[in-house]
Amino acid sequence: MSQYLFLTLALVSVATALLMVLSRNPVHSVLYLIATFFAIAGQYVLLNAQFLAIVHIIVYAGAIMVLFLFVLMLLNLNNATEPQKSNAWKVTGAIASGSLLLVMVGALKGSSAAVAQVAHKADVGLVQNLGRVLFTDFVVPFEIAGILFLAAMVGAVLVGKRDIKL
Amino acid sequence: MQSLSNRSKLVVNKEMTFMERIYLPAILKGMWTTLKHFFRNVTGKTATLRYPEVKRDFAPVYRGWHVLKRDEQGRENCTACGLCAVACPAEAITMTAAEREKGEEHLYREEKYAAVYEINMLRCIFCGLCEEACPKEAIFLTDRIVPTDYVRQNFVFGKDMLVEGVEPEKRINVKVRQKHVTEKK
Amino acid sequence: MSALLLFISAVIIEKTALVLVMFLITLGIAAYSTYGERKVAAFLQDRLGPDRAGPWGILQPLADGAKMFTKEDFIPKDSNKWLFILGPGAFIFVALMTSAVIPWGTYFTGFGLNVDLQVADVNIGILYVMGFVSLGVYGIMIGGWASNNKYSLFGAIRASSQMISYELAMGLSIISVILITGTLSLRGIADGQAGTWLGFIPQWNVFLQPLGFIIFFVCALAETNRAPFDLPECETELVGGYHTEYSAMKLGSFLFAEYINMFISSAVISTVYFGGYNFPGIDPSWLWGLMGPVVIFAKTFFFIFVFMWIRWTLPRFRYDQLMHLGWKSLIPLSILNMLLTGAGILCLG
Amino acid sequence: MLETIQQIPIEHYVLYSSVLFIIGIFGVLTRRNAIVVLMCVELMLNAVNLLLAAFSTYLSDAQGQIMVFFIMVVAAAEAAVGLGILVMIYRNTKSTDISLLDKLKN
């Protein structure tokens, strides 16, 4: 059962990710990426990380992608306005990324799976457990993340406001 | 400019107080007003009527479609003196006078009558000055609503639309209106 | 093994039945909300409202539905056809999904059955609601963009920025509730509000979180695109906003989903702030456990009425006022509320 | 979902997320629209997230999922600032084509 779910979700996410990269209309790209994110959220549920799954949906599908779509609609970009790279670029890109994939798969072949021996705890992905770890072991990074957010907010407002000519 | 009615209010763009700036008191006040209306209407006292089934009463002095009266013997009161046309501020009334012939005594009360009497209902403003001007109590405004039409020509009402019928059941009761006009005179 | 299979199939049948019942109830309530809205609007404005279809016009939703289904279904020539169809579909789908985690009562215990009156007791139910509420905007954005009409596009853009702005304040005010209740499960939040203080004040979160409730309520109005926050579809400026180009049942699904959203957010408000299926002096397990649904539906209907009451009382905001209210008033206030709640918990234990 | 880790070897997750990552890289290399490039970066971050979550579950260690949260924080900040910059670029050049932004070359 899990295998089939995993396979289906994986195929869906890879297919929509490819469509995202290949479709010429940026709005279609955004919609395909949203579909990819839903498939990935499904993978999180499969991995018993429900809290992560719902946060993933809220953050990515609910906020970040809405922001992307909003900017696209604000700038009103259609496929007519986007210049395409030449085919040579595309072939080069495909070769480069393909060879990186080859390197990764090759490295994976050489490794041995030494992970599944750990006793499994079902409550790892639950919000109580995550909260405890986050607010004890990771409390300093957590605060720093808050400062990062503040900096990003101030930066976004500043960038959006100032009228500098390039 | 000096205000004549002393009802005008000067608009002041003053700083809002804290209570005004949180808006909630004003919102609650407005919602209380609408809620009062809601309950008044739920208990059945709607201002609106279910029109074709329920009709609103006319005011006793309502001014609608004109009628040219006949007397008790069924003779037309109008003598085509033209005072109504003179009084009309909208120039809606025209008429052509004619002499009464022998044998027409049962039709017209006096020696002169209106051969043609037309009121343009599109021009008429239903002010009632014609009935005040009439010395013979011949024209009255009634509580009948002028029917609608698609063609302008059809709103020029001739005598066929204005003079009441001879038969008692076709007579139009203008008692209240008559009293009102006489008092005004 | 077969016993386990039997158990699993029983659970599946039970949940399917519950989902179907909830689906039908939601659609019925949404249909009759349209009638209720028109009646309430009429009464607030000294009118009679629809009264021709059936006694007091109670068959009006059927007449409206028949009209919606039989009108010409029009797809603009230069629109993006698939996305044009996907928009209303996504909107109504997301609206219907949200009701899955709301506890409508404790347990139904009649006819030898023991049915949990909640489709799924997710331990992060309130986050699930937030997630699906934030997805609701996609239907509007896709539909508005695919129409290839500048008014629709404006409506879509307005909807998205409004949703993003008000979601923040909504989430922050919910965090204060979570601080008090200590759980993310809606069943847990509802159960935590049983009982009374001093014997007559119900232990509802609204008495602990009055400011949070007001913020949440304002944000719920904005998230459901209800007046005075109905800028994405405001008739006076944008014709019909994102649904300008829609007709027939596609328009119907947009309008329908709006009423479903209103119903769901009323239910969430009653659950989070007004004790859900709890009411002092009433045990939710009475009447084979159907007393719980009766109580929560009564609260929900009250809030649906308040939504309508507000719509027909208040004028619409201007767009910059909307953004000012969201970013400069509600978000600082909700952060303040959160800090006060935290301080209160720290001091009082 | 205990059966997940019994039935699916961890290598599948590694392979799967590297494919997603490669698709992201391919997009970054071949697309010229800056918004799509940003989206591809988001996809790459997600591939890493998925891998972290998978390892966290397989090792029964919550730290991996905590790392995912931090990556989400970075992604959200990046999206906000990146889109802000993009809107500014669009205002000045009336285009989101990244190949126009090579003014620093000479």
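Per-chain residue numbering starts at 1, and chain names A, B, C and D are given in the order in which the chains are listed.
Here is the rule we use: a residue touches a chain if its C-beta (ideal position, glycine included) is under 8 Å from a C-beta of that chain, and two chains touch if they have at least 3 such contacts.
Just so you know, these numbers come straight off a predicted model, no measurement behind them.
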Subunit D reached from subunit B - shortest hop count over touching chains: 3
B-C compared against A-C, more contacting pairs: A-C
Distance from the mean Cα position of subunit C to that of subunit B, given in whole angstrom: 52
Centroid distance [mean C-alpha coordinates] between subunit C and subunit A, Å: 29
Rounded Å distance between subunit C and subunit D, as computed from the means of their C-alpha atoms: 33
Whole-Å separation of chain centres (CA-atom averages), subunit A against subunit B: 75
Where subunit C touches two or more other chains, by residue: none
Contacts with 2+ other chains: residues of subunit A: 51, 55, 63, 67, 74
Of all residues in subunit D, the ones touching two or more other chains: none
Arrangement of touching chains [line / ring / star / complete / other]: line
Touching chain combinations (by label order): A-C, A-D, B-C
Touching residues (chain side subunit C, partner subunit B) in the complex: 40, 42-48, 51, 214, 309-310, 312-314
Residue ranges of subunit C in contact with subunit A within the complex: 83, 122-124, 127-128, 130-131, 134-135, 137-138, 141-142, 145, 153, 156-157, 160-161, 163-164, 167, 184
Residues on subunit D engaged by subunit A in the complex (per definition of touch): 1-5, 7-12, 14-16, 18-20, 22-27, 29-33, 35-36, 38-40, 42-43, 46, 49-50, 53-63, 65-66, 68-70, 72-81, 83-90, 92-93, 95-97, 99, 101, 103
Complex contacts: residues of subunit B adjacent to subunit C: 24, 27, 30-31, 33-35, 37-38, 40-42, 46-48, 50
Contacting residues of subunit A [partner subunit C, same complex]: 27, 31, 34, 50-51, 54-55, 57-58, 61-63, 66-67, 69-70, 73-74, 76, 126-127
